[in-house]
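Below you'll find a set of structures to go through.
What follows is a pair of complexes built around chain A, which joins chain B in one and chain C in the other.
Moving on to the complex of A and B:
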């Protein structure tokens, strides 16, 4: 089972390493969004610093839509999910593998993006541990919900516009919790960062459980 | 070759019961008229009978919701019915995943559509009511507002998936999962928004505190009954319409099959009639033709 999980993770990450869509397209897209925020807020450095946590997570959310859509599009083109199931891999392993692969990509994106925020929006990190934990758990929560919905819309027509409509309301709590935690970590607002981290953990756990239970049903027909 | 085309009736149940292709029945007619009549009475009660909401403070100032209170007779039933609709969708989706019959699937989509309609109505009336009463169209910190908005958005997404043409069982299964996730999500959103900004503007229950006028209480109860009748009427019609539609689709598939078979029989007949000119050929290809 664990071996199967790593097999799926390895497959997804290898494809990503070789295709380099994430680095060549998704990361530049995220940086452009940051740039647009600076234009929208009228080069007001103080405002940018105050809203940096929220802007950061909006950017991650938008970029994660691309990463999730891409991950399932690759699988669909080659009928990979069918073949994985035919090869005897359990749906739970396929689900967890996908989650970890997407989470790793999101963490890399967050790393680069936080550098951008630190440089462009002039924020300083007050609580490094909180920042790292919230970044990791937030990415995991997005990956869990994203994998569930990515599989739900995979193979449907108009999935490019369908995924945001379905996924964004669902990941609203991640946006809320991760932004509060980052506000605390950046020291821009007196939020209880560690408590909000608890919300992120709870979110990832609930959706992880739901996804693990329902992924088999979801892939039945695919 | 004998293709029968049902014109006015559909074979619905497979047990020989013929049902007219209409979503109307005696029960829905009664319900429909009751809802209409009830609504007319409600309008009279709400506008003519219920007094303005006013109260005199200790300082002698007149405060209250004034005429805006009358919106409550739409807002409160709509909110309750929206949540009922989504509740039915949740249960029907569970039922579908358990029993996998078209009945549960159709019930889920019918209730979701009605739920979205009442949900939007709730948000709109609440917003109109909030402007004079709370001095704002929208309040982000209010748990119920944000929860209801997210819930309506989730089910608008659900209906969007419903509109995508795909194999019926595939759609039913995916939609059932979306509805389940959606309801789980509503609980999470509700908890997190509550935690975020617990500053609800919604009044605490005035019913229990007995601060509500008798006329207002009666009209509110009446509006709930009218709402329930309207909900049942809409649900029955929507459910039957969806059921007829699924039957019609099945009928079309069956008819298409019959036509294809007739076509191939025609083809075989033509091939057979062409046979005498080919009698000098060996038998093997002819048998192949017959089997086609």
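Moving on to the complex of A and C:
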């Protein structure tokens, strides 16, 4: 199964590198959102620092919607969804492969946005380990839930508008946990960062298990 | 001998419409079968049912010995379906596409290389991204990606569509070679004259039903 997982990861990442949708569309979109937040709160540097973690994760979340939608659009083009069903790749492997590919893209996006936050929002990192851990697990949580709901809406009409409606409420725990962990990592609030990281781990584990069990059925309906 | 395909009163609904309305059909291993019928007769749905991609709403169906009600996953691993689409990723090259589908089916590097050679997808063409291919070249790349699966049952929907003369000849020789190697071939085509060279058994499909003579001939 691991072989199939890496096969899917390699395929998805190679397609994204070639298509350059991430670099040409998703990253600029995220940077623009971050800039707009900075402009909106520019007069109040203290507020900018306080809200930086939340604004960071709202930006990541909005950009992740584009990445997830794009990932499933690729697998619906020119009969590739049927070919995947016929391919012999286990649904669990297809699920994990897509999760990892999306998570890798989100981590790259987070790295770029982190630089933006450090420069624009005048924050400094107090707990580097917590920042990295929350960034990785937060990306994983978004990728897990996004892959599950991406597959759910893939077979439905109006999937571009339906995905945000369904996904955004579901990932509220990721937003909350990741924001609190980042607040602690940036030292802008007295949150128990590592405890909030536990919530992120739990979310990713529960949705990962649920996705692994149900992904095959969802692909059948796509 | 166990049939490669055995359908009994098979019904498949597309929404509420019975695309297949009680099909009885037997196809023996190694047979080449041509599905003949007008547009909308149910040929494509019949091929997709045999591939395990459509739900059997009523009746019974076995493909390669597997019950389509309970073992569709087992069927899917052993068949190759060429529909109207090619199943290629636009951003991947021909070689990358064929390798991806081949590796998913546990094909060796040599099998992938041989399939590309056989379909004359070599040199610059092998490195060309699928989005830059002509319709005929896409079709050939699709064939190569199916060939590496070593299918026991080929399900071909208009396999000659969009191909030039040379590519059509390649496809014909592939189909013949597959049948000679013991694979079963079921195809839908309007190009009856060309298909005759393959000496298929002709099965007529109309209104989601199969001509009863087709079953009598096979048994």
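To be clear about the criterion, the second predicted complex is superposed on the first by the 217 of 222 C-alpha atoms of A that agree within 3 Å, B and C clash if a C-alpha of one lies under 4 Å from a C-alpha of the other, contacts with A are read in each partner's own complex, and residues count from 1 in each chain.
Everything that follows uses one rule, which is that a residue touches a chain if its C-beta (ideal position, glycine included) is under 8 Å from a C-beta of that chain, and two chains touch if they have at least 3 such contacts.
The structure displayed is predicted, hence computed values, not measured ones.
Asks: Aligned on chain A, chain B and chain C: do they clash or fit?
Replies: fit
Asks: Classify the contacts of A:170 with the two partner chains as first (chain B alone), second (chain C alone), both, or neither.
Replies: The first partner, chain B, only.
Asks: Thinking of the overlay built on chain A, is A:83 touched by chain B (first), by chain C (second), by both, or by neither?
Replies: second
Asks: Mind telling me which of the two, chain B or chain C, contacts the most residues of chain A?
Replies: Residues of chain A touched, chain B against chain C: more for B.
Asks: Between the C-alpha centres of chain B and chain C, what angle is found at the C-alpha centre of chain A, to the nearest 10 degrees?
Replies: Once the structures are overlaid on A, chain A sees chain B and chain C at 80 degrees.
Asks: In Å, how small is the closest CA gap from chain B to chain C once the two complexes are overlaid?
Replies: Once the two complexes are overlaid, chain B and chain C approach no closer than 5 Å between C-alpha atoms.
Asks: Once the two structures are superposed, pull the chain A residues common to the chain B and chain C interfaces.
Replies: The overlap between the chain B and chain C interfaces on chain A is empty, containing no residue.
Asks: Tell me, which parts of chain A touch chain B in their complex?
Replies: Its residues touching chain B are 148-149, 152-153, 155-158, 162, 165-166, 169-170, 172-173, 176-177, 180, 199, 202-203, 206-207, 210, 214, 217-218, 220-221.
Asks: Spell out the residues on chain B that touch chain A in their complex, using ranges where they run on.
Replies: Touch residues, chain B against chain A: 97, 150, 153-154, 156-157, 160-161, 164-167, 169-170, 173-174, 177-178, 180-182, 184-185, 188-189, 192-193, 195-196.
Asks: Give every residue of chain C touching chain A within the complex, in rising order.
Replies: 51-53, 76-77, 79-81, 83-92, 96, 100-101, 103-106, 129, 145
Asks: Would you tell me which residues of chain A are touching chain C in their complex?
Replies: Counting only chain A, the residues touching chain C are 3-4, 7, 11, 14-15, 18-19, 74, 77-80, 82-83, 85-89.
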